[in-house]
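Below you'll find the structures, each written out as structure tokens.
Below, chain A partners chain B and then partners chain C, in two separate complexes.
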Partner chain A sequence: MGLEDIPVTVETGAADLTGNAQALLGEIAALLQRMLATGEGGAIDLASLPFSPADRSWLEQRLGRGEVEIRLMAAGLSTFNETACPGVWWVSHHNEAGIRVSELIEVARIPELVAAHPDDVKIGLERLNNLINELD
Partner chain B sequence: MNKHGNLLENLAWQGISRRSFLKYCATLASLMALPPTAGRAMAEALARAPRPSVIWLPFQECTGCTESITRSHSPSIEGLIFDSISLDYQETLMAAAGHQAEEVLHKVVAENEGKFVLIIDGSVATGLDGAYSCIAGRSNLDLLREVGPKAAAIVAVGSCAAFGGIPKAKPNPTGAVAVSDIIRDKPVVNIPGCPPIPVVMTGVLAHFITFGSLPELDRLGRPRAFFGETIHDRCYRRPFYDQGKFAKTFDDDGARKGWCLFELGCKGPVTYNACAHVKWNDGTSFPIESGHGCIGCSEPDFWDAGGFYKALSMPADPLKFVAGAAVAGAAVGVAVSIANRARKGAAKAAHETATLADLEK
Partner chain C sequence: MGLEDIPVTVETGAADLTGNAQALLGEIAALLQRMLATGEGGAIDLASLPFSPADRSWLEQRLGRGEVEIRLMAAGLSTFNETACPGVWWVSHHNEAGIRVSELIEVARIPELVAAHPDDVKIGLERLNNLINELD
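Let's turn to the complex of A and B:
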């Protein structure tokens, strides 16, 4: 007998929207408006909301996919997918084991983690200068 | 490891990039219910912070809490943050032993008076003047009375240190009490759970290092960020509870469909902990996802709170009592406990042997 013979079919409440996903659309719109007005974006932590799997896929479908997909390899994979609304990013962080550890909606022109930090840029510049010096 | 640089330098030394660290802080902020932007502030402060001295005293315990925390990830930023604090005294982990170890303890306490963080796991045995649990010939009670008042902050890790836990369960042969029963003049942060969730401890340490203060605590001394909501509040089976769809046994159709485990004794509605969203085993799942109800391990006296398989019969949240679903749930609960009693009564009347399951309920 294999695992597939065990008659477990887990329902996930798939058909059931809690209403939380719908409410979130308004919140995202407010963050976008704030970013347009003040330049300051924001983020909504999806893991901290009582979301059913149905809510999650509903939201993912409504927001759709935009033009940009960013993959970041830092202590596991992180993905930043632009939604069909520019400035709204679907962000998933995974750990080294490939398990999703957090999921956010980020409202920003470029996701915060993606931009290079000035201190790191300095280190990069140093490295580049060393390379140039080695040339002569 | 370079033990003298700041945290970020230490992490770089280990090949952990700034982005990895920022990602970790963003996740930590999310888990601590801080605004997502707090991740950056936290990262900056953590990166600059000097490493606080930490003394960890194991009292009447099973080492499960140490296991939970030291085996949380490997290798991970969490582990490295932990590495990066100056864990000066931890009997299970330190290389020194015997007199050498005791000397370290007294030296660190003397040199860092008022500055070190004291972590305790295990309850404090008070029977026979504390003789039930001793380290190097001194009772835990004695040691706590000496070292406790000199700490900057005390963190009681695990249900035993926080509330007395299983050692305190009836009939409590060793006179076990919680750390906060002995130390009364300074706040004790309680991180209950049997075992506690590792990231909660990192979170409290990170908060202390970042803001120089302890996180906001609830009336039982638990950090609100992690213990502000019940398992039930965040349970993915909640829609089934609200619809009144309950598994009646562990292998019925409802159980297979993943319905709510309330009638099977789930203590989620009265248990404050972060399992449902932080999860266990590197974020894999939590007990309810494995098909077993919450046993309420992070609540005071959970061991004596009736059977693990006995359904709660009170409405979980009186404030939500007016909501139809809660009323339905509560009503079901009452019905279940009456049915259980009836079953037990019938078994007794017929002089049948009641099964273990009957007794439990």
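Let's turn to the complex of A and C:
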């Protein structure tokens, strides 16, 4: 039996992990802990640390997918996908050309940009009242 | 010139309005006002009042579409579409067969079902901590 008979498995990608994705899980756990204790969440910009494509897909697999998917169409499309860890959201922002311009992990009951802002609610209510008055 | 020469426009649908859709706009405005004052929103079940297909499309047109679309996939699909009035959401729940089983207008900064519940966050955090321990 020669060397060529020994089965070889190539663990594709594992060698490309920088260790940052594993470290990120700890940061996410700390943010969740803080949110439960104080109500205050936080976000981690994936562009702010050396992060390989292997890191990205490793993290994506570990966090998994949750039940909620959110699309916000403003200047460009933003998506907020709940992970299998409730309160942990995978957030991507795209420009008008559809190019992803940022990607982050947000820890919050709901991502800040998704909830209606009271100032916008006020403006909408005024418009609604005008519409109602026009109907009378 | 006879009667047949007078142009006639048929306002399709207008005759089918029950008046309930118009009344609903006032209820929605009152809920928004209360939410701004107290933080407490509310919901109106569209099945709870006589509501014709004409009423439904009239209301849909008046409320318009906002920037946010949310899909929640639990037993069946639920959709939460922001209207052009921030804080007013058009909510539909479907069963596992894809049949719409309820439809409501929810007034809230974010629909209650969409935000992560602290109990679920706790459970998710435990799972995440177990995963982190296994990696060590």
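The rule we apply is simple: the second predicted complex is superposed on the first by the 121 of 136 C-alpha atoms of A that agree within 3 Å, B and C clash if a C-alpha of one lies under 4 Å from a C-alpha of the other, contacts with A are read in each partner's own complex, and residues count from 1 in each chain.
Just so it is clear, contacts are C-beta pairs under 8 Å (C-beta built on N, C-alpha and C of every residue); 3 or more make two chains touch, one makes a residue touch a chain.
Predicted model only: the values in this text are computed from it and were never measured.
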| item | value |
| --- | --- |
| Touched partner set for A:52, first chain B, second chain C, both or neither | first |
| Which superposed partner A:26 touches (first chain B, second chain C, both, neither) | second |
| Chain B versus chain C as contact partner of A:43, first or second or both or neither | first |
| First (chain B), second (chain C), both or neither touched by A:77 | neither |
| Which of chain B and chain C A:101 touches, first, second, both or neither | first |
| Chain B versus chain C as contact partner of A:117, first or second or both or neither | both |
| Shared contact residues on chain A - chain B and chain C | 72, 74, 117, 120 |
| Of chain A, residues touching chain B in the complex | 7-13, 16, 18, 42-45, 47-48, 50, 52-53, 72, 74-75, 78, 93, 95-97, 99-102, 104, 106, 112-113, 117, 119-120 |
| Chain B residues within the chain A interface of the complex | 16-20, 22-24, 26-27, 30-31, 33, 35-37, 40, 73, 76-77, 233-234, 236-240, 243, 256-259, 277, 282-284 |
| Partner chain A, residues of chain C touching it in the complex | 22, 25-26, 28-29, 32-33, 35-36, 62, 67-74, 82, 84-88, 108-110, 114-118, 120-125, 127-129, 131-132, 135 |
